[in-house]
Each structure stands twice: as structure tokens, then as C-alpha cells.
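Two complexes follow with subunit A in common, the first pairing it with subunit B and the second with subunit C.
What follows is the complex of A and B.
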């Protein structure tokens, strides 16, 4: 294997994980505020379909991505309204929305199946692209990929460096205490769920307008469920979540190489392997036996603690002022 | 800051939690607010600190009327409250927690917050690592963090709700030192407590609440006697009761220590004999529930041995406790005791612990009907338990008990029941007692404890007093012990 090959692989992992990154960061924001938006897989399907349909009919990519974000925010607003205002079960509502949005995408997407349509144009950043190795990986991409990388750091900065971000953590951990410190808990939860949904929608459009161009039946291949798992894997931390997304992307490309190397093994094995490996990774980061094992020495505990995350304390609960 | 509360009223449904409360507190003083559970202390303080709205009345700060919509507004006006379980964020670091809610711009000003934290730490002699997790702190340290945080936000009136409940003695001494220092600096301190000793040690003036009303205000020097009378009313007196010959030891505790995350009760030694009734007295949350659950095998004691009928029962499942005739009736009748959604017949079937595969519904129906009559439950076999009133739920729970039990553990057996149901519940329990069942019950009602117990265990301030003989104990003594006075001598 020569270096060009490796560089190209890294570049493609970075690019193809972009939809997953948007979805993971969006869901992380929403869950950090205490609302689980389980409708992710449906939202991604529907927004991917709408994004492609708008691009196909108007030939305007800005409009396409905007429409996809609106779709994501709309679905999220149903989750937010039913859980925050009506106090319904978030899991049930999210699950039904997943099924509904998936079916809607099939129904409304029918006219667009396997039609060639516009794609996000490639845009190497002049100058930076000349940097050896890194230039080809990070700066020889398109605007959407750049945005996905920027988003990771923006989300991290927001959550850990700003006052509203700190309040966001408080709202998800202990709403009563956040309220005592001046947070309007339910309004904030509503807002973060909408923003999160819009980001998920953006991820959907990224899929149909860049990673896997066009539209077909169940086009996004269960990526929403993987995003939900990666949020847990990432311990509700944007950077760790993004790393999870890239690991999954990496596993996918490894399996496609392995497929050509081991021609006698059925291809399905390699297609499903990343999902199975993701489950193993999840088991690894939330295992009590390993907890005990690593709590032996202070530094091993420190490393382990940074690896595993705990869900926001008030995730999935409702808040009411006395 | 001078504080005046004028004619404060607050209703929760039919309960008049605050009934025309008037209170004036001068700045630079430590003012005690004393009363039992449910006396209305917390409600009043939550109104003052903006957590709940009053129905009527006025709050004046330095003579100006205020109305807070939320706690943040109260803080801005200078009123801060420290809750019994500090309202902080266990997964965050000390510095993050300190920062959260500060109103100084968009970007976190960590350096400035750190300097603030260090300034207050030096001033009070606190020692908290800024990057430690709040979850790793003790309750006392979390209080210290809250004090510094509220002061940094400009609080001039500080409310402490039962601050000495979960903390150690050295921490308590430190806390009192801090409170005196704060008062010297001109802060107004309101100290909410049910502990006489604490009030005596600290407060210049004490207002006593009882059943939502102010029953009196005393100024230093005052006697514990005065306070007890104001707290518990005048009507307490012991009554005569029938005696039952005691039999074999049923339950034996040897050096049992029970603990949860905030409370640790040291070695308890107790022998309960068949036919004996033991009352567990104390302010709620002093460990009675922990103790009862350990006796039932639902929680594991940290150390020590629990024996039922001579057999060591540590780490045995509740099922084995049941088989040996010990049963636990929790205070949460609907939440823990019964299964909401199932009807009475279904409950009786479950309680029978039958090994048959098929349910004989006609027989079960008849059996349920007889039990309903026998225990005078107002309901039919198909009534769902959540549709029953509290009294009828308790009757149903008692009807579910199998005959020939050795030990019944009850938590607040008559809470929320009317007089008729209360009498009925006790007649059932005492009847079982004559047939040799031992009874352990926790209650917040002193009259109930004194009337039905043979011996009394008092839980107070993380300690359990040696069992008292109920016949030789007066309500007054008991009141003092519950309020933490004299516990030290008895240990």
C-alpha cells in the first residue's frame, strides 16, 4: 500500500462520514438538553428525499439543503411538542415518527427514484490543498464536508466554552437546578431539539446530494440508527461522537477492501460487519466489569473515565415548575 | 437586608400549607425557623426564594415590595436558597457548577470565576479543588460550594433548608462558623430546621411553625422546653395499652450498619420478640426506611448480621424473607405495595403464590369477594387498586397478608387515612400481634408511636438511640430526642 492510497482512503472516510457527523452532532445537542429524538432514521430518509427532490426540480442546492433542514426541524418539533408540552413518551413518539417518515419518503420519493440529479460541487481550497498529506485529506473536499468538520468544533465550543452551552448541560443533567439558575428549561429544550433536528435534516440532504447521489427506496440504509448508537458511543460529547462517526466510516471502507481481498467470503458479511463491530464497541464502553477492572489505578481510571460517557441525568424526562 | 413577610397564604389543593404567616427578620441576624415535617417551613421558604408563588400576602425587602416569578429573579434581588439536597450538578466540575447561571456575558469567564472562587474559599477557609467533580464532594462540601456561588451572585439573604441533615459533625461546626461569619458581615440568615439543638446553638430568634401557622416566636435566651411545646402542641400524653406476653425472638440485628448515599446509621443491635410492637420515631428521612428495608432483605446492610428465627439472612432474597414469615408494607402503597392496573382479584391470586399453572377464576373471584367483606374494603373484586381510596388500599394490602406471619414491617401504616381506617388498621395489626406476630413500624405521628409501641427506636441526625421503653417515655422526651436533643448522651 502506498501513501497516496492511504491518503485517499482517509479523505474518503472524512467525506463519506459527513452525513453521520451532522446527524450525530444534531442528536447530541438534542439529547444533551434532555430530549431523545428517536425519529432519526425516518428524519434522515425524508430529508434526503426532500433535499434531492428540491434540487432535482429547482436545480438550486441552497434551497435543497434549506428544505431538508426545515423537514428535520419539523419532525423534531413534533417530538418536542409531544414530549415537552403533551408529556408523551419520547420513545413511542420517536419510533412512530421513524416509521411514518420512512413511508412518506417512499411515497413522495417515487417520482425521483433513480433519476440523475445535481450534486454538491467539489471545491478544493487553494493554497491549503498544497500542504503535504493533510492538504489532500482535509482541503480537497467540498463545502459540505468542510462544514461537517467545522460543526464538530463549533458544537464543542458552544457546549464547553460559552455560558448558554453550560446552561444546556445543566438543563439536561438537572432541570430543577438549571431552572433555579435562571434557565427557561422547556423553551431551551424546544430550541435545541429543533436545531438538532435541522442538523439531522442537513445530514440527510448531504447523503442524497453528495455521498450516495440520487434517491431510491430506503436510500440511506439505516444510517439514523447508527447515528443514535454513535451518540451513546460518543458519551454525548461532540468530538468523541464525531470520532465514533469516523470509526464507523473507517470500518465501512475497511470492509469494502476486505471484500476484494477475501473473494470467497459472502459479501453480506462485510456489509454487515461495521454494524456488528459498532455493537461490540458499545458493549465495550458501557461495561461494568471493565469499569471495575480499570478502577484499579488512578490513571487507568482517568483514561477509562474519559472513554466512557454517562447520559445526561434528565434524558427523556419532563420538567414542570412547582 | 431587612426582610418582612406579611400575611402569606398558600394552598395545595385542600391543604392550607401556609396560613397567614407574618415574619420580620433584621439584617445581620440568624433567624431559626422550626417545625415538624409538613409544618409549612419549606413552602414558606420556597415562596420567599421564588420557587413557588404565594396565593396571598406581601414580601418586603428593605421596605420595598417584591414578587419573584422564578428563583433567578429572587437571586437578582438578593435572596438565595440552599436546599437540603443542594441544587447543583453532580456530573460537572466545581468550577463549571460555580459558573453555571452567572450572568456575565456570552463566553465563559473561567479565569474570573476561578479568582472569585478562590477569594471566597480564602475568606471562609473552604478547600475545594476547582476541577473536582461535584459528585465526588460530600454534602457539606456541596453546601460550601453553594454558599460561595450564592454570595458571588450577590445574595444578601441566605436561606438554609435543613443544612445539618446529611453532614458530619466537623462539617457542621464549620458550617455554623461560616453562618456566624456571614451574619457578622451583615447577611440575613434564615435557618430552617427541626433540630432543637441546632436552633439553640445558632439562632438569636426562632419562629416556630405548626400545621402551616406561626405558633410562636422566641428570642434568645430560650429553653428547649418552650420550643418543644410550640412544635408539637400541648395535646401529647401517653395512654394505657393492653399487654401481650412476648415469645421467642423473631428478628435479631447484630451490629447492623445501614447506609445510602447520604446517610449512614452506625451499629444497631436489636432483638424483636414475637408479639412485640416496636415504633420507629423520627423526622422523615432519618433512616427509618433504610432500616426497615434492610430488615426485609430489600437492601443489604453494610456490616453486621440480620437473623430471622435464628437463621442468618444477609444477602438472602426477599422471597426467602417471605417464606420465613417476614413481610414489608411500604409507605408508597400504590407505587411499591400494589400493582396499578390490576384488580383486587388479580392481587389476591398473586399474593397466594400458588404453583398452579392455570388460574381458577371462579374460585379466585369468590375468594376475593370474601376477603373484601372480611376486610371491609369499599370495592368489588374487579375494582382496580388505583381506583381505591388510600384507606381502602391499605385495607387491601393487609388483606393480602397471609395468615401466621412472624414479622410485619410497616412504613407509615396510617398516613393519610381517616380516623376510622386508622383504628381499623391498628385493630387488625394488634389482632395479629396477639397471635404472635411481631410488628415494626415507622411513623411520623408521635401519638401513634406512643400509643401502640412496646419499645421505641428514635432515629435522629444519623443516629439511632437505644430502644426506649414506651411506658416510661413521655411525648415530651420523645419530641426532644426526635429534635436531636440528648441523642449524644444516649449513644
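What follows is the complex of A and C.
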């Protein structure tokens, strides 16, 4: 295996994980504020379809990504409205929306199935692309990939290095305390859920306009569920979540090699491998046996806990402002 | 309070219940109609096609019942897990696993129908229960939320079915995704003459519904399960073995899902096909939500959903409208129903 091959593999993992990164960061923001948007799989399908349809009809990629973000925010607004204002079960509403958005994408996407359409153009960054090894991996991509990487650090900076970010952690961990300190908990939750949904929508359009071009029935094949699981795997931390997305992308490209090695195993069987992996990953981060194993010394416990993270204290609960 | 005011209040309640149920349904119909207009279709024609597709002939009505049976079985199972506060989204995969086990029994044993058919259903129940226990164990022992455990296992079960159909159980000479070799006639569930549905599965589904309804309402087990669903911590301190009860709820729900899968294999297709579960597992979650967790309403809601599902199959053939319209209508109705429940209780 020569270095060019390895560089190309890394570059393609970075590129193909971009939709997952957008979705994971978006959902992390939403869950960090206390709202689980379980509709991710449906949102991604619908926004991928709308993004492609808009690009196909108008040939304007800006408009396409914008429309996909609106779709994501709209679906998220239903989740936010029902959970924050109506205090309904977030799982119930999220699950209904998953199915409904999936069917909407099939219904409205029908005329666009397997149509060739526009794609996000390649854009190497002059100068930086000349850097040995790293240049080819990081700076020989397109705008969407650059944005996905920037978003990881922007989200991290916002959450952990700014005043509003601190407030975000507060409303998700201890809403009553944050409210006592003057935070408008429910308005903030609404806002973060909408922003999170818009990012998920952007991820959907990234899928249909770059990673897997075009539209087909259930085009994104369960990637929303994977994203939800990666948020947990990443311990609700943007950088760890992104690493989870990249590990997942890496394993996917490994499995595509495996697929060519085991030619007699049908491809559909390989398509289910990510979901077995998803269960294993969640088992890994939430297992009691591992907790006990690592609690041997204070050191190992601290490392383990920082690795796996804990959910925001008030995740999935409602808050009554008085 | 006089009797008069009680009855008038009851009447107001019944009228209110009715309006708050019919309202979201009408709104969902309106939105679906707008969706049809948006794609340039004639809504009246589309609905007429759906109606004909579901009720146009005796065979069509019997195909609606083909969907009704698994919807009722799965809803029955879901009442158990919902009572325990569990989201058994893995029910789709449990149906698939039931069908796989049933197929194995049907392929392996050469017995007369009176023995083989019960054995097939036992196998299906076992397959569904085991697959549900898998998700339950992931939850109870591995602390993996049942939504993720169940969903992941759905995809795995479908992968297993596909592997078996293309691999070990492929039809002689050809490996195709159209399904396994048809079962021997002894493994076919008897049907009404000229139809795809028979009396056995309908009666079994109704018996299952009544039994589970009574067990959840009238037994200590049902009460304890409800306690777990309401507040697992206090249920534990009350001395209820919560882990065992949750595993039991999963296994029972999986049993009914497995029966549904077996029924689809021997009652509808007479073989194993990749999409044997037909999305009925997921759909039954919507059925239970729309019934407002009231078991007596399930047969009715399931019939409505089955009719919409089967009726929309004719849409692409006759009008070039995607059959996902049925799912759009179902999803809209349940979403608006749940939202309207929230609005109603907020502004009561």
C-alpha cells in the first residue's frame, strides 16, 4: 500500500463523513439544550430530497442548501413546539415525524428519482493544497467539506469558550438554575433546536448534492439513526462526536474493501453492517462492566469518564417557566 | 352534583372527544389533498382510486385484511411494552425473525397440516420473542436504549432474511430477491375460497387482543407492569423485579410480532420474501398512538390504516402517483392527532 493510496482514503473519509458531521453537530446542539430531535432520519431524507429537487430545477446550489436548511428547521420547529410548549413525548413526536418525512420524501421525490443533477464543485485551496500529505487530505476538497470541518471547531468554541455557550450547557443540565440566573430557558431551547435542525438539513443536502449524488427511494439509508447514535457515542461533545463520525466513515470504507473481497456475500447484507456496529458502539460507551473495569484507579476512571461523557442532565425533560 | 349535570358533562366530553379526533383527521386530509394538488394530481381521482383499491372487490377487501392481521398482532404486543414504558421500535425486526423461524419450521418438517401449522406458529413466536429479548437484554444489561438496540436489530434481521433468501434458502438454480421456494401445501394457512385471508388468523388476532386487554387491566401483573411504566424507580422500591418484568414485556411483545411474521409467511406469501414485515411493525406503533392507547379501538384503527396502505398500492399503476401517499396520510393523521391532544390538554 503506497502513501498516495492512504492519502486518498483519508481524503475520501473526510469528504464522505461530511453529512454525518453536520447532522451530529446539529443534533448535539439540540440535545445539549435539552431537546431530543428523534426525527433525524426523516429530516435528512426530506432535506436531501428537497435540496436535490431545488438544485435540479433552479440549478442554484445556494438556494438548494438554503431550502434544505429551511426544511430541517421546519421539522425541528414541530419537535420544539410539541415538546417545549405542548410538553408532549419527544420520542413519540420524533418517531412519527421520522416516518412522515420519509414518506413525504418518497412522495414528492418521485419525479427526481435517478435524474442526473448538479453537484457541489471541487475547490482546492491554492497554496495550502501544496502542503505535503495534509494538503491533499484537507485542502483538496470542496466548500461543503471545509465548512463541515470548520463547524466542528466553531461548535466547540461556542459551547465551551463563550458566555452564551455556557448558558447553553446550563439550560440543558440544570434549567431551573439557569432560569434563576436570568436565562430564558424555553426560548433558548427553541432556538437551538431550530439551529440544530437547520444543520441537519444542510447535512441532508450535502448527501444528495455531493456524497451520493441525486435522489432515489430512501436515498440516505438510515444515516439519521447512525447520527443519533454517534451523538451518544461522542458523549454530547462536538469534537468527540465528529471523531465518531470519522471513525464510522473509516469503517465504512474498510467494509467496502471487504465487500470486494467477499464477492459471494450479497451487498444488501453489507448494508446492514453499520447498524450492528451502531449497537456495538453504544454497548461500548454505556456498559457497566467497562465502568467497573476502569474504576480501578482514580486515573483510569477520570480518563474513561472523559472519554464516554454523560448526557445533559435535563435531556428530554420539560421546563415550566414562571 | 345532580345526575343531569353528570350526563351533560359526559355528553360534552363525548362530543369533545369526537371533535378532537375528527378535527385532526380532516386537517390531515386537507393537507394531503394540498400535497396532491401540488404535484398536479386530481385529488378526487386519487381518493377514488384508493377507495377502489381497498374496497373495490372481495379480493381487495381480503388483501386489506392481510394487512389488518399483522397490524392487530403487533399492536397487541406494543400495548404490553408501552404499558411498561418501553418503545419497542424493534418490532419490525421481531416480525422478520418470526417469519424466518416459521420458514425454517415449514422447510424442515414434513408433517400433516394439523401438526405443522401450529408448529410453524410456535416457531414464529419463538423467533420474535428471542429477537425481542435480544433488544431487551441490550437495554437491561447493556444500557443501550431500546430505540437504538431495536432499530439496529431491525436492519440486522432484514439482512439475515436477505442472506437466507439469496444464500442457503435460494430457489433451485436461481438466487433472486423475489423469495424462497414456495412452502409445501401443508404449510399453507387455509383461506376463505378465492381469497388471500382465512378465518384462523383473524380469530387468533382478536383473541390475542382480548386476552392482553384483560390481562393488562385486570391482573396484578398488568398493574405491576403499569407501575414500571409510570415510575420505574418507585416500582423497584415496591419490590417489583423490574429487569425481569421488562425482559418479559419485550419477550411477550416479540411473541406477538413473531406470530404476525409467521402469519405473513404462511398465510399471505406461502414463502419467505425480503420485505416480509411490510413495514407493519412501524405502522402498528402509529396505530397504537392513534388509538390513544385504547385497545378496543385497535381493530378499527388498524382496519383504517390497512385500507389506506392497500388502497394506495393502486395509485402508481392507475395514476402515476407514488404509493407513499398512503404513508403521508397516515403520518399526517397521527401527527396532528397527537399534537391536538397536546393543545387540548394545554388549553383545557
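What we mean here is this: the second predicted complex is superposed on the first by the 312 of 322 C-alpha atoms of A that agree within 3 Å, B and C clash if a C-alpha of one lies under 4 Å from a C-alpha of the other, contacts with A are read in each partner's own complex, and residues count from 1 in each chain.
In the analysis below, a contact is a pair of C-beta atoms (placed from the backbone, for glycine too) under 8 Å apart; a residue touches a chain by one contact, two chains touch by 3 or more.
Just so it is clear, the structure is predicted and the values come from calculations on it, not from any experiment.
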Output check: A:177 vs subunit B and subunit C. Expected answer is one of first, second, both, neither. What do you get?
first
Return first, second, both or neither, reflecting whether A:278 touches subunit B, subunit C, both chains, or no partner chain.
second
Thinking of the overlay built on chain A, is A:163 touched by subunit B (first), by subunit C (second), by both, or by neither?
first
Greater subunit A contact set [subunit C / subunit B]
C
Touch check for A:310: first (subunit B), second (subunit C), both, or neither?
first
Regarding the shared-chain residue A:299, is it in contact with subunit B (first), subunit C (second), both, or neither?
neither
Contacts for A:229 in the overlay, against subunit B (first) and subunit C (second): which applies, first, second, both or neither?
second
Counting only contacts in the complex, subunit A reaches subunit B at residues 161-164, 166-167, 169-170, 173-174, 176-183, 310, 313, 321-322
Touching subunit A in the complex: which residues of subunit C?
35, 38-39, 87, 89, 138, 141-145, 147-149, 151-156, 158-159, 162-163, 166-167, 177, 274, 282, 285-286, 289, 322, 324-328, 330-332, 334-335, 338-339, 341-343, 346
Of all residues in subunit B, those that touch subunit A in their complex
46, 51-52, 70-72, 75, 87-92, 96, 99-108
Name, in rising order, each residue of subunit A that touches subunit C in their complex.
38, 78, 82, 85-88, 91-93, 95-97, 99-100, 102-104, 106-108, 110-111, 222, 225, 228-229, 232, 265-266, 268-269, 271-273, 275-276, 278-279, 282-283, 286-288
